[in-house]
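Think of it as A, B and C in the order they're written, each chain with its own count starting at 1.
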Amino acid sequence: MGSMSLWEYANPKKFLTTSERILPFFWAAAAVCLVVGLIWGFFFTPDDFRQGSTVKIIYLHVPSAMMAINIWVMMLVTSLIWIVRRHHVSALAARAAAPIGIVMTLIALATGAIWGQPMWGTWWAWDPRLTSFLILFLFYLGYVALWEAIENPDTAADLTSVLCLVGSVFAILSRYAVLFWNQGLHQGASLSLDKEENVADVFYYPLLVCIAGFVFLFIALVLYRTGTEIRARRIRALATRTRAQA
Amino acid sequence: MIALLMRDLRLAFRAGGGFGLGLAFFLIVTVLVPFSVGPQSQLLTTIAPGILWLGALLACLLSLDRLLALDWEDGSLDLLATAPLPLESIVSVKALAHWLTTGLPLVLAAPLLGVLLNLAPPGYVWVVISLALGTPALSVIGTFGAALTVGLKRGGLLLSLLVLPLYVPTLIFGAEVARRGAQGMEVTTPLLMLAGITAGVIALLPFASAAVLRVNLR
Amino acid sequence: MSLTVTDLSVARGGLPVLEGVSFTVPDGGALILRGPNGVGKTTLLRTIAGLQPALAGMVTGAEDRIAYAAHSDGIKPTLSVAENLIFWAQVFGAGGIDAALDAYALAPLRDRPAGALSAGQKRRLGLSRLMVTARPVWVFDEPTVSLDRDAVAMFAGAVRAHLKQGGAAIMATHIELGIEAEVLELAPYRAALDAVDAFEESFL
């Protein structure tokens, strides 16, 4: 890296050229990890002695749930960067990430429901984790709706950044409120540093591969979508200039 | 600041000011509930605290889009922004005026509507206490939502979409106080959480509201 | 203390409209801004009033000294004329409203709801608001819209009295008011044709 600073990628042109160079690697890594992880997980792991083969939905459920939260955290970080340093790429990356977050939240909710049906005997329970994800989904919806509603991109970036900040605080508050409100049926975290609580190794390794696949997929998608947002801004800038010259 | 508060109150009480609309809405929602769930008094007793809280929340939400939009449309907001008042106090005063004209009447009306819903006797005092503690938070959070959407043409629906998730913690703890109180259970924890949320948003959220309002004014 | 604008650039909707505007308005002085529609008079006035950030340049001597009269007057229709004025007097911590009512011949309308006023009367009420702010620099954006000849004379009289007391005024208007004022033609300051907001530029 040497004298190169991370902030150089805040320049849209620099970001575009670099992201175009590295994108194929992320697409490839995502494809390899997802194919290997899912096939390994679905076909080459034993059935759980209690849950049977339904446990295998874990390979979609856990990674998407993790990404749903991590994407919000990433949006929070990029929003803060926009507020503090006003790098446009940062704001656009937050905008690009939000719809991916929505999809991840929906996958987590849907796979949770499908898993919950045989386990708990119901598609939906007001379990704290499920409820928290439902609330997270509402936060994502509001965030995206606010971006879409405002015409001036800088105004939209400012307002959505503040909403993301305030929303994060309220999301954490909601999480505690929901925990207090209903203690829940959901099993504990599937992955934790505490070895005793972890799922068995035989499920654990393919799960890690799947999580890596989701992470790579997200990085590829967010780079790609940020590039699209940058090009949209470029079109806007060109149109503005043409209008000024007319 | 007092001048602004008095003006907002006066505007609310004058014709077309919208005072009482929230209250009427609260009344109608509460009256409609027995029609939709059936007249069994046992069931109504169980759900009464939650219905009262939900009704109050929706009534608060209903009046939010007038909170800043009217001052925005007639240019007062621009003029206020050039006045010696900091925007932070302007949004705080606006929230206070909203609470006095919307939240407070709801708090006072809740026991009467509790009768209609067959609220358990120990519940009355807790419904009033929880609403008195919680509705200021609803007004302050709502002011933030109103400040976010003030420049938008059809901001009303978006405002609800943005504000409702932010209302979740207040609703959970507030309704929990009322529910536990009505069942004669311990209420300390949710009561403290509710008070904490209200104190926190009153102290901090006006800064966020003023920041987004500044962005919207430029 | 005079109001000084140095090398100011302002933008509307992300597009620079004026560049390198500089002027000074001393105490007791007035400045009239002229220029075709869309040249950026309103944007310039809003920037001076501190409602929007400048792209470049500086405004000094404006902080807490400006009373701004925009296109809309911020009048509440359900409040009476006096109530509207008293509110602004209180917000700015200034004194009575009688001088303002007299200057714009609003005293007979004092207790009338502002919603029942004609357009010209409303405008007079909006302009009289500046007299209750006790601020030295008055900024007007097209103040004479919907005023008749008598009302324009009232307005000119009020501004002249304000200048005599050591106040200053900046206004965008096309009407000859008979006020001794410098005139600044804004057309030469129009932003260069291919100029794009510095932010947008990074995308090109």
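A few notes on this one:
Basically, contacts are C-beta pairs under 8 Å (C-beta built on N, C-alpha and C of every residue); 3 or more make two chains touch, one makes a residue touch a chain.
Keep in mind that what you see is a predicted model, and the values were worked out from it rather than measured.
Contacts between chains leave no pair untouched here, as each chain touches all the others. Taking the mean of all protein C-alpha atoms as the reference point, the chain centroid lying nearest to it belongs to B.
Subunit A and subunit C have Cα centroids separated by 49 Å.
One finds 32 Å separating the Cα centroids of subunit A and subunit B. Chain geometry summary: the mean Cα position of subunit B and that of subunit C are 37 Å apart. In subunit B, 218 are the positions where the chain touches two or more neighbouring chains simultaneously.
Subunit B contributes residues 144, 148-149, 151-152, 155, 158, 161-162, 164-166, 168-169, 172-173, 176, 189-190, 193, 197, 205, 208, 211-212, 215-216, 218 to its touches with subunit A in the complex. Looking at the complex, you find that subunit C touches subunit B at residues 49-53, 64, 66-68, 70-76, 78-79, 83, 86-88, 90-93, 129. Put simply, subunit C touches subunit A in their complex at residues 13-15, 191, 193-197, 199-204.
Note for the complex: subunit B touches subunit C at residues 2-4, 7, 10-11, 14-17, 71, 74-85, 217-218. Those residues of subunit A lying in contact with subunit C across their complex are 11-13, 88, 152-154, 230, 233-234, 236-238, 240-241, 243-245.
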